[in-house]
Amino acid sequence: MSAPETLEGWFALHDLRRFDGAAWDRMPAPDREKAAAEARDLIADAEALTDGGIGLSITYEMVGHKADLMMIHLRPDMTQLHDLEQGFDRSMVGSCTSRVYSYLSVIEVSRHAAPQGTGSNVEDSPYIQARLYPELPENSRFVCFYPMSKRRQGDDNWYLLGGSERAELMRAHGRTGRRYAGKVTQVVTGSMGLDDWEWGVTLFSDDPLQFKKLVYEMRFDDVSARFAEFGPFFVGKRLVPEGVGRWFGG
Amino acid sequence: MSAPETLEGWFALHDLRRFDGAAWDRMPAPDREKAAAEARDLIADAEALTDGGIGLSITYEMVGHKADLMMIHLRPDMTQLHDLEQGFDRSMVGSCTSRVYSYLSVIEVSRHAAPQGTGSNVEDSPYIQARLYPELPENSRFVCFYPMSKRRQGDDNWYLLGGSERAELMRAHGRTGRRYAGKVTQVVTGSMGLDDWEWGVTLFSDDPLQFKKLVYEMRFDDVSARFAEFGPFFVGKRLVPEGVGRWFGG
Amino acid sequence: MSAPETLEGWFALHDLRRFDGAAWDRMPAPDREKAAAEARDLIADAEALTDGGIGLSITYEMVGHKADLMMIHLRPDMTQLHDLEQGFDRSMVGSCTSRVYSYLSVIEVSRHAAPQGTGSNVEDSPYIQARLYPELPENSRFVCFYPMSKRRQGDDNWYLLGGSERAELMRAHGRTGRRYAGKVTQVVTGSMGLDDWEWGVTLFSDDPLQFKKLVYEMRFDDVSARFAEFGPFFVGKRLVPEGVGRWFGG
Amino acid sequence: MSAPETLEGWFALHDLRRFDGAAWDRMPAPDREKAAAEARDLIADAEALTDGGIGLSITYEMVGHKADLMMIHLRPDMTQLHDLEQGFDRSMVGSCTSRVYSYLSVIEVSRHAAPQGTGSNVEDSPYIQARLYPELPENSRFVCFYPMSKRRQGDDNWYLLGGSERAELMRAHGRTGRRYAGKVTQVVTGSMGLDDWEWGVTLFSDDPLQFKKLVYEMRFDDVSARFAEFGPFFVGKRLVPEGVGRWFGG
Amino acid sequence: MSAPETLEGWFALHDLRRFDGAAWDRMPAPDREKAAAEARDLIADAEALTDGGIGLSITYEMVGHKADLMMIHLRPDMTQLHDLEQGFDRSMVGSCTSRVYSYLSVIEVSRHAAPQGTGSNVEDSPYIQARLYPELPENSRFVCFYPMSKRRQGDDNWYLLGGSERAELMRAHGRTGRRYAGKVTQVVTGSMGLDDWEWGVTLFSDDPLQFKKLVYEMRFDDVSARFAEFGPFFVGKRLVPEGVGRWFGG
């Protein structure tokens, strides 16, 4: 069985952290002010690409106990992701946050995703380029991130299906997704060889109810019903750089 | 297979916390008094909706090691849930509690749940409105909360059943539930795309034995026997706002 | 499939704690003495039912890393269980112990367990009453506690069996248990709707080898071989109230 | 299906601990010296049975992050195991170690393991006695410990096999084991009713490569291939009592 | 079913650690400088084999929350691995790092891997020797490590396949791997009897996208699709000894 061809764009790091209020309170007040300003600058610089690099960064405050903060970084080189993660970790607020989850992946687009008639240089088509190096809807109020894998279990083994059967199942799945065009933006990143699940799914919307509607509807697609295994779901709301200082209480 | 249509009401956050007695004891006595009063006010304000908002909040002290406190918040906007969670977390008692579990979901009612003859505007029927924006039995002495999913495993795959088979199984399940009318109040919230399981079930009763009777009886319904996967069960007793100060030892 | 009828007696809380020796050592010596005396009094009072209530309490020191102390409380009202748990947690030794496990359940007897010829008021028969409100063998030297569920998996789904098949399997299982009469006392508590497994099994014996013999032999009963899923096993030895002060090093 | 008859010898506790270097460093230097000497004495006394008891104790320093120290104790009475565990836990080094794993079991020999012609008093045969109350190869340089269970899953259910089929599978397995005679010593302990897996396997060898060779070869025996479920594997090297003081840095 | 013959080379320890920035910050500045220099020397000595031993050591800084540092050590004797681990653990930086994962294994080559015509002394062939005692591509910028097992589940039981079927499946798998020659270097270590999974896979590349491409393509090989179970994936970038001091902030 040969693997379907994929194209890859930016590397992605989802960096999820918990805020340690007790550690923060132990910091002297002037240090807290400096620490909050430093965190704000780090996040603002990452989002504004002030180092002249390319890519995208975007930050969320999370709902529920699983994490308090999620920074999503997209960059051409994995080293840059590591530098951003380490830079935050070793800043003054670093010891007041702990990394409770992270996800390393790379934007992935199926070669078959290109529109008909694209010709042989699929990767050069504007459609594919826009998906490999996307603009994230940074003004969307809410985000949902979850990792997932395709099932390999008894008769429900995705990787033993024929290529055309897999393609047909994915097309039906795609049709469900497209019904949410304009309401939910979806970015799929591949993570085999990079992290514990096979893909990461990141959804952006102004209305978090659409996350539920979309995932619920897809669950009845055969590809999800029979073949999807889901990791944890993380939901949050946009935290713009100007809000970071206040968020840290600075 | 198309997904059954659902209607959604308030968003729900179950916020479960453990009390850290050692951290509390390290706080100076006057601070403890202020912290307990602040916690009482936060909880009383949330329950009384003193901000003029709509929704419901209700608080429980939990039995067993899994959590000590559970606050259930229902609000129209997910941002409000986040504000309530963060407000408590950043209050003086915040560093004396840790969030050990949480559950993010939204009240969900099947469009088919409406009584016959409701007409086309199902969502406007008083019956459906009362389920989407329920009054919780805040005087019930006990609560039971657990998340669950429908199984997708080999021959027992809920999402591959036909719609009429699913409907029939749910009707039988509903009949079991109705035998507990007057003894147990049940609120079902949907959490696909929002949290790790597919639904949350919250039961209210003056008699915790009814939680056992109801769940036990339902386990023999085909829909539970073949298709239900259960998460952790949390059981607690009502903690009214006037009791919060004492609960924190203030 | 209708559920078998059950009768319920006292609620049960298994409260398992780890002792934090470092926290204990940090306490000033006079406080340690007071704390140990307070713990001894709390446990002695619970066991002696000095509040005039009814029920039973019994305490064990545990073998292995999973827990150091297990208090089993049986009471008619779940609120009493919560009060006992919270009273210990908020005593001076509370911050030197952490609750590492707990189990909330209720003593359960099948209506069919009554001897033949009991008549219609099964629950009033002395035999059933003695099982619903049992005397625990408080002088037994050892205890074994484990939670368990019945399997619902593919062809091995307990809840899809016919009632007579389930009854026959349970009868064979009961015969194995009765061979240990006089050597092992067994109390079964139901926990659906109350905790994460479906039942708790508590065994008492003067000879811990009998725990192994009994569980080993039962594993070959069809009901265990095909249908039992087991949680963690906890084993301990009796800690009488007079020994509690010394146990805490007071 | 009736259970095969087994004979039991000494109870066994595998006590696995992590060393907390930071806690150790916080101890004043003279205390550290006293603590290390006390730990050495506790371990030397246990190994030398200076209390006049019978049994065996043997200590290892472990490789990898799962544990730093493993003490194996064999004694006729479970109370003695508890005393040894608690004695170490409450010694001065106790607060510099945490118990990260433990395993409670009892040496088990199948009644059928006796050589032909042993007669009716199988348990009195010298062969069986030597296996129930073994001498451990205390000079072997390396140890491997892992718990395991027999599978009860679909068509691969060990406990539903006929007795003669089980016996044949075990005989083949035994032949594999005997090919390692002289290179690996194996002690099997039963833990149903005592701990979370069904058996513990402890291997001793001067050459840790033999652990890999033995377990690898056995994996292809039908009894392992179809029926074995494995817990964590712990590997360590012998720490003689004279080395304990240095190990703790005393 | 007899086990395929394998040859073994050096033992391997993957030692993964998290850096505790708060503990580091609490250290006095002069101590931090000494600690960083000591860590640099330990790592430089291990990599340079300054003790005159043989083997290989190589260090990475990791991406994501699972670990911050990974040291891979290859040595002929497991005791040397333990000494390296313990030496680092008990150095000044030891209390500022915690071991969050580790993996103990031994380099393994199938006897059938030797080229045709090697003759009877397979283990002496230069090809096999170079695989048993490999030179790691220490200048490769990135590493990927993950443990895995072969599935033993229902009809998908690797250990019940015939030897020739297993060999054919592995050959196809090998062909996929060879397509990455020059782009990815792969070292396979066996860990049955030594750690919790059956094998460790360590990949080296200058381009981390190749990890994804290789693992993705292999997932469609029957041997992975039907039989592979994967543990956690760890990805990092090379940290040369000269960089260690700076990495610790010294």
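Think of it as A, B, C, D and E in the order they're written, each chain with its own count starting at 1.
Heads up, the rule we're going with is that a contact is a pair of C-beta atoms (placed from the backbone, for glycine too) under 8 Å apart; a residue touches a chain by one contact, two chains touch by 3 or more.
What you see is a predicted model; the values in this text were computed from it and never measured.
The minimal number of chain-to-chain contact steps leading from chain B to chain D is 2. Our note on geometry: chain C versus chain E, Cα centroid distance of 46 Å, whole angstroms.
Between the CA-based centres of chain C and chain D the separation comes to 28 Å, rounded to the whole angstrom. Residue positions of chain E touching 2 or more other chains: 154.
If touching chains are joined by edges, the resulting network of the protein chains shown is one closed cycle, each chain touching exactly two neighbours.
Touching chain E in their complex are the following residues of chain A: 1-3, 6, 8, 11, 13, 15-16, 23, 78-79, 81-82, 85-86, 89-90, 94-95, 99-104, 106, 152-154, 157, 159-160, 190-196, 198.
Put simply, chain A touches chain B in their complex at residues 21-22, 25, 61, 63-66, 141-142, 144, 153-156, 203, 208-209, 211-217, 219-222, 224-226, 228, 230, 232-233, 235, 237, 249.
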